[in-house]
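Pasting in a structure now, in structure tokens, and then I'll have a few things to ask.
All chains are identified by letter, namely A, B and C, in their written order; residue positions are counted from 1 within each chain.
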């Protein structure tokens, strides 16, 4: 057979490029390459011509010049004399901040709603279905704007908290919930606080060590040690002891209502745009995650639960040892792609004035410098890096969790 | 074979590039429509009304140019632009001119390669605060939360002002005027800053305008004017002198009411005659008809009439002429002579 | 011991007792309540908390909705009529309803055109969505794009006619040549269609739009919910064929083509739609030949189509991967070449599996069309945030407008997702 497909040497004809499977793939790829190059050259040529006609050039020098504008919520030191590059970094960190926060809370919302959708309480089940359907079927941009508007309209103004006799008192003398954001006390690290932190870290390590010991003991002798209460005690007792022994080195800097006539001073301020975006993304994506969680739990066949029960496991252990590990395999891949969506949706911060990367580099910097092409390219590069990193993590996880088939 | 197609594409691109350089004036005439970039909506300057008709101070400039070039003030395609898109729209040729309360600055002129053809409104950035706050000067705003409408020079001026006075503030950048207004009214920010004209326009729409004060400080110079691309001087001249014709018309007392009779025959004032084309050949020099300025002025009146109709004291916006009075009345509005 | 029953048992009942009704605690409402709401004390607590939440929500919204005002001319008048009591100001909806649906520039006397196109859309979608309908109805679907284009944009009827002619000629060329070789048919069809279109471009006179039966409406004048619908429908339908091509390319064993497809898909999926819209808005104009003046609507359609094509490609790739390997091998063993195998064996099955996924992408994309409001297009959200809220009369009406927008989107998206679930159930039974 193989000898038949071997062509006699020296009889190569041009038509074989199309008709002979050995050459055809090469032909197609060569054509594709040519078309690709032609398209790129065509676009690049247009770009050059257009830029030349407009007298513009592509230059990234603006990144080094002072940005000239202020940003309200920054994780690193920044003022209006910092460079555009620094403003972009502020934006990048803000994007990451809201993305991480929203991923965490969306997971919580999603898991709760997903589990409750399977509850045997009719009312709760229906309420959760309503939540999921309403949030899944209305655009997230509308949700962000609505929640920001609700916050602005419903929460008290910051000025209500100010003065010696304020209209509204601080909650526990520390927290203020205003339409500008939430004010909370900030920790103050005095001498000796390092030791308290060290004790805290050590006790966390201790908890892991104890759990490991308990598990090994269980496997070796079948003796079951309690883990819940001892862990909690290990977590709290040493830290509290260290804290008082060192003479209460960690203080709290509560928001001050008298320092300024416009705003509360001191403490930590979490701006309203951040909260609105965070909450909107969490509750919107939570609805999607709820469906994943529900699907994941339902994907575990009932026989598994019954088999576990037949082995004599209690219902909590059935969940932990039998159902969840199998459900997670179904839940996690869509969960990570939801995390990816959250990260990409943070770019809607622009609608509420939160200074993420789209609002700094792709917004004010672009407006002020007019460097549209450069800014948009950098912006896409950033998102691409983030998305590809998350995808890479997902692939690693998927490979690790793949059913080992033999 | 693929090679020739590819070369052909390049040739077409090159030819098209040659064609595009023919000049905006000819393009507009050939198209029969003027593409004019305006804001997405700022009451008084450019906003669509309930019927979708664009109205406003900047819009009137577009209509005057359309009337001068095409003889029809309605031959304008209004392209709404945001702070982000306006310069690209102009640079890429999507619009022929931009009349979108854009501040004339060095870098926009030199670095972004645009030609500002004049100033149709002298503005400055101001602050608005609730009366109840008891603030009488912007210098007392230490620690305040400030709402800013983004996409303008506002952010930069604000940063400069607070830095120069060594006081701190919390900026809240907002995309649209309507949302900034909502934030301000709900008390999410203490003061609202944008161009003084915009503040007046915004305050006019409040339920109780009397509860809000404009602070005396004007922290920046904002000469707003129409702009065109660098390098097309014929077109730049058309827009520049259309604007100047509106200004000169007010100075010389030519109004939409009396222009019919004034342009019918040469009168006693030679400058009016030159302006309206009953004497000399100014229109021809611009590449337009002799009565170009007559049509431009008839479109929506002279500069003063446009001002009064859209943003003047009789409108809800209620701006006084101030700096924008004719130079003969102590303002800055001054047109080079038509000679 | 006796055999007689009467001896061993004192009493035997020889008739059945009449059936008794179940105890009241195990039937009817009480039973249902107990099972579904108060099964355990924790469950009962949950019920009470939920009831309280529902109560709070209803008391907060119901008076506002039912006390709403529908017939004033401005917010100030609304406030006058309400005189301090709670109530919505729905007048903004009744006054600006047409603007919310069609944008503020579409000529009001032409509203019947998009409305008719909307109605026709259902006729066109029906044969695609419901397999039971006779296949001949697909002709309506094929004609719909051209009809809808003509209805919405107006202008000379020659443009859609020539577009249609190009497609028809392309189809006949394809049908003629496909028996010899798929490539010949496919590329021949494209060339034929292009030739017809170019001829058409030459034939249609410059001023054909001037006295057309339907007045031409420039795409800049489109807006409102109509714009969302148009963007959603156009981009999804355009992106399905592109998505199929990308998915096949990604599965292909030609390394170069595979790399191109993977890079394209991963790039598009890696960036948010909003940055692609920025590209459409501020960058794409630089990449077209100078003076070509491609309008914003078309640029946005190009970018959104690329966006959804990448996602649909991934869905279809999932469908391709889900097919048992035997299908591919069976096709090969029958001696089918690649286009035949794909067209006759693989794609019909893979696409069927992918339909629910494609519908999900479509719903997501439809919701994402609201993002065009960020780049100064006046879609539904853009209309609300721009012209309506900026107008003196309606400055300050937020809830009513956003509620209306939410309801519109909810109705459409919920409808589609219900369809998708119905389809999933149906497809699932097909496989058993």
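The criterion applied here is as follows: a residue touches a chain if its C-beta (ideal position, glycine included) is under 8 Å from a C-beta of that chain, and two chains touch if they have at least 3 such contacts.
These figures come from a predicted structure and were not determined experimentally.
Asker: If I rank B-C and A-B by number of C-beta contact pairs, which comes first?
Answerer: A-B
Asker: Going by C-alpha centroids, which chain is farthest from chain C? Tell me that one.
Answerer: Relative to chain C, the chain with the farthest C-alpha centre is B.
Asker: Rounded to the nearest whole Å, what is the centre-to-centre distance of chain A and chain C, using the mean of the C-alpha atoms as each centre?
Answerer: Distance between chain centres: 27 Å.
Asker: Take the average of all CA coordinates in chain B, do the same for chain C, and state the distance between these two points in whole angstrom.
Answerer: 40
Asker: Report, in whole Å, the distance between the mean C-alpha point of chain A and the mean C-alpha point of chain B.
Answerer: 42
Asker: For chain A, what residues touch not just one other chain but two or more?
Answerer: Answer for chain A, listing residues that touch two or more other chains: 46, 49-50, 53, 149, 153, 350-351, 366, 372.
Asker: If I count partner chains per residue in chain B, which residues reach a count of at least 2?
Answerer: 13, 17, 20, 84, 88, 92, 175, 182 - these are the residues of chain B that touch more than one other chain.
Asker: Touching two or more other chains, which residues of chain C qualify?
Answerer: 278, 282-283, 285-286, 289-290, 374, 385, 398
Asker: For the complex, give me every residue of chain C touching chain B.
Answerer: 76, 79, 95-96, 99, 103-106, 108, 218, 220-221, 278, 281-283, 285-286, 289-293, 296, 374-376, 378, 385-387, 389-392, 395-396, 398
Asker: Can you list the chain A residues touching chain C in their complex?
Answerer: Touch list, chain A to chain C: 18, 25, 28-29, 32-33, 36, 43, 46-47, 49-51, 53, 119-124, 127, 133-134, 136-142, 145-146, 149, 153, 344-345, 347-348, 350-351, 358, 362, 366, 372-373, 376, 379-380, 383-384, 386-388, 391.
Asker: Where on chain B does chain C make contact in their complex?
Answerer: 12-13, 16-17, 19-20, 27, 40-43, 47-52, 77, 79-82, 84-85, 88-89, 92-94, 175-179, 181-182, 185, 204-205, 207, 316
Asker: Which of the residues in chain C come into contact with chain A in the complex?
Answerer: Checking each residue of chain C against chain A gives 35-37, 39, 43, 46-47, 50-51, 53-54, 183, 253-257, 260, 266-267, 269-275, 278-279, 282-283, 285-290, 363, 367-368, 370-371, 373-374, 381, 385, 398-399, 402, 405-406, 409-410, 413-414, 417.
Asker: What residues of chain A sit close enough to touch chain B in their complex?
Answerer: 31, 34-35, 37-38, 41-42, 45-46, 49-50, 53-56, 68-72, 79-81, 149, 152-153, 157-159, 179-180, 259-263, 265, 272-273, 350-351, 353, 355, 359, 363-364, 366-370, 372
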